[in-house]
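Note that the chains take the letters A, B and C in the order they are written out, and that residue 1 is the start of every chain.
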């Protein structure tokens, strides 16, 4: 196990290096750059723009800049934003809580909802509910999340006026109720895809358990079927669920980006789009590295769990 | 392998009927899968409508008529209403369908080919080659795909060809992974060992012997890749980085629609519904294929 | 530029106003005695630069105008009023020397920074020196780099010398906000100072806090030396989507709509909203289609005229832009004294376009597109992707041009890409762009139309259309040397006439932005000499 972890750690480092190199090169090759925002400003001269380019270090060769950036990165200096000069980690840190709130709430919702649907579907196999749930899951996986968000805004905000159309809270009202009010629609939209995945997975897991002997034994003994079911489902399915959760990380990050766009949510997805639009390279690279790291950790967790659960799988 | 024997009533020797592929076991299993059939029906209908429909509609998708802007559905012959430039929504929807479906299909072909090739080579040769290739796959997988797509779209001129390439570049990894796993398990089977002993070349074994046996998972992955590609194209175009006007695509029709959500909601509802229908049918088909071809589900499926 | 003449321009531009420390000299009847209430300004771009001397864009200005003061401020009518200065320096009051090179500025007494320390002439000296510090990432240095020998005579008096006459310097100073020496000087790297995230100024509002990606809160400075403030909290809220911005204005979440204001399609409805003021405000931005003069087909004037005639300007303005903008033939803002009223009016006439092209030798090919000497009349048109109204206009223009046998292909790019080398080095075929041609109110457009201003040919400036007309060159050179206003008016009207004739760019319209705010907010005024709607937030108050 230790050898495996050691191996994986170094593999991840190499991967991060490759990812960062490709990302850095692609970003810097995009024509335009962070100075285009000044192009139409009549009062700025070409000398001013050139000077700022020099001060931002953009006049140095690409590979040199890459090594400079990555060397600082390993030492913990993720660079400073081109736009407001604050350290990239601070910038990301400011937006992180909003995304975590959204992702966390939607994970809870999708787990609870997914579990309920999955268990119900498994215990009432081939019923109308089960059939509807299966079809519903597949449709849910096919709906473009951003469109679902737009429709949600249209129905619940514009037409019915029940829920707000965006933002995290109304200015001046920082009550918990206000936060929750704003959280409902975005987190539901974000959980659309994950509910579908979870429900199908849990259904399969429960079906696996149901068909096994100890259930029949328990039934014969008169023990409450439900209690046995739950205990064994939880016992057997828990670890794979963690594995599944680990592998959902990139999808969740991508989904958060979509949802934050549609709902004007001040999270990391919003930050990514804004920074890309302004060619704020340090922040974009910072976000890229962060999500790559999170993805790798998620995958690692999943692989460890799978290995623990199924000893046949070689940890190579 | 799957010939059906016909028993004559009088108990004479059975006469084998010629093997037709639609008698195959897989096909019969597929045919029993109701949802998959519905999926096939829907996607075929949609493709046909997009391909020939525009010729039957009264309006051209490009014709701008500023006097007929924002007409709601069923105003005159505008069955689905008009857009902010007065162009017929129905015509644009079908025109967009051609592009979105084509992009999805081509992206799938590209990524499946690339992914299968990488997976085959990595799985068959294993060792160093395999490890390096799979690390490459992992590196691409560690990239949040949205980032790669957006950054590439900002870098390269967004034409339908470029978008197709970009989507393909971000979708081949799944296929490679699946194929590599399958090839590794098939590698030790007898017919492969036999081939090796016979001195057949590696590439011959890979493409003639192994590939046909792993087609199952590849086909399932391919179907799901089209679905993903259509969604990805929609998202990228919605953000404004994908297919550019005046070329319509389902995604960029949504991009223009968000600001008119309160006054002209049909502009947003119709394209989104169409995307959902297309992707759902592909998912149904993929599910049916998975059952029919007896493919074990991957944790990452769906 | 001679010293006498520069001086005259300075005199023309400035008016000494000894008695008006207010931003608006209106009687204060209904104004609250203590700052109360709150105003939420909605913006569709996020302000991220809070040090007013650093490189910034328009949307950052709102915060700077509220948190900081400058030596002077410029009023909507172009007059200067003193802000941190005690009076506007002129030759009469001894503030300016006869040749316009020596400046002596007297400063107000008793002004305090937000942290309580007194404001002195040292701060002004520090500010002017910081701007030209090569290690500091400053915004623009024009004018400031001509300042020499800054001397602090006393805590309320400062002098300096200009190395050469520079007429616009007064208006530049009106946008140069003074920063505190005692906070910034000790910092080794001013680009990364903590001050940049929590600025300290002398303005009507103090820095409150920033919720990144969401909003910025400013708090009333109750010890402000000038008039106001009358609201306790001034909040700038960031809403990237214009539809949501308008929706929040409608629902009341936002009190005042800032950039990019209200979209044209919402104007009609906005006018009917109860409790809201909706006003059309002329903007100096002129929208036009730039044609790259180095492209073979654009070299012929007949082609340019034909294309202009094949554009249905009226329908675009009336239908797509809901009639809000004004069609124009000139790049000069209509309110300017230099505006040329006699330019030929545009006429949408496809037959005329066809005739022009036929006569020039462009015959329609088999696919309906005109060809001449093997060159097809087919070009790309680009603009910022995501700008829906422009995209719609493009597609409409594409259709009408096709009828005349011209093929225009659309190829849009994201803002960060299109305004890079693609624009500055003239790599485009044609671009739809909105430009404010003037800096301040000076009519000099050397930067835009002189042949020496073509960067793609090694020059310096923004003549991205690569326009070159020796007659115009001479006129522009003369205009920069002349200080007789009557002569200048003549010169610049001629420039407009030549440019209109040559059509290096096709003038479309002059924007009118839709501004909206809640009716109980008073003293909201537009000022086309500044770039922000919050230039006088200190004077705003909410009627009880």
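We adopt the following convention: a contact is a pair of C-beta atoms (placed from the backbone, for glycine too) under 8 Å apart; a residue touches a chain by one contact, two chains touch by 3 or more.
Given the structure is predicted, the values throughout are model-derived calculations rather than measurements.
Enquirer: Tell me which of A-B and B-C has more C-beta pairs in contact.
Expert: Comparing A-B with B-C, the pair joined by more C-beta contacts is A-B.
Enquirer: Farthest from chain B in C-alpha centre terms, which chain would that be?
Expert: It is C.
Enquirer: Using mean Cα positions, find the chain sitting nearest the overall protein centre.
Expert: Chain A is the most central one.
Enquirer: Between chain A and chain C, what is the separation of their C-alpha centroids in Å?
Expert: 40
Enquirer: Centre to centre, by mean C-alpha position, how many angstrom separate chain A and chain B?
Expert: The computed centroid separation for chain A versus chain B comes out at 24 Å.
Enquirer: Roughly how far is chain B from chain C, centre to centre by C-alpha average, rounded to an integer in Å?
Expert: It comes to 49 Å between the two C-alpha centres.
Enquirer: What are the residues of chain A that contact at least two other chains?
Expert: 30-31, 158
Enquirer: For chain B, jot down the residues that touch at least 2 other chains.
Expert: Answer for chain B, listing residues that touch two or more other chains: 154, 258, 261-262.
Enquirer: Of all the residues in chain C, which ones touch at least 2 other chains?
Expert: Counting only residues that touch two or more other chains, chain C contributes 241, 247, 414, 416-417.
Enquirer: Spell out the part of chain C that touches chain A in their complex, as residue ranges.
Expert: Residues of chain C touching chain A: 38, 40, 46, 48-50, 54-55, 57, 134-142, 172, 191-192, 196-197, 211-215, 235, 237-241, 244, 247-248, 253, 413-424, 433, 435-439, 447, 455, 460-462.
Enquirer: Please output the residues of chain B touching chain C within their complex, sorted ascending.
Expert: 62-64, 66-67, 69, 84-85, 154, 157, 240-241, 244-246, 255-256, 258-263
Enquirer: For the complex, which residues does chain B have touching chain A?
Expert: 35, 135-136, 138-139, 141-148, 150-152, 154-155, 227, 231, 234-235, 238-239, 254, 257-258, 261-262, 265, 268-269, 271-272, 275-276, 279-280, 282-284, 287, 297, 299-300, 302
Enquirer: Under the touch definition given earlier, write down the residues of chain A that touch chain B in their complex.
Expert: Residues 11, 14-16, 18-19, 22-23, 26-27, 29-31, 135, 138-139, 141-144, 146-148, 150-151, 153-154, 158, 196-197, 200, 204, 240, 243-244, 247, 250, 253-254, 257-258, 261, 272-273, 276, 284, 287-288, 291-292, 295-296, 299, 302 of chain A touch chain B in their complex.
Enquirer: In their complex, what parts of chain A are in touch with chain C?
Expert: 30-48, 51-52, 55-56, 80-81, 83-86, 91, 94-95, 98, 158, 165-168, 170-172, 264, 266-267, 270-271, 274, 277-279
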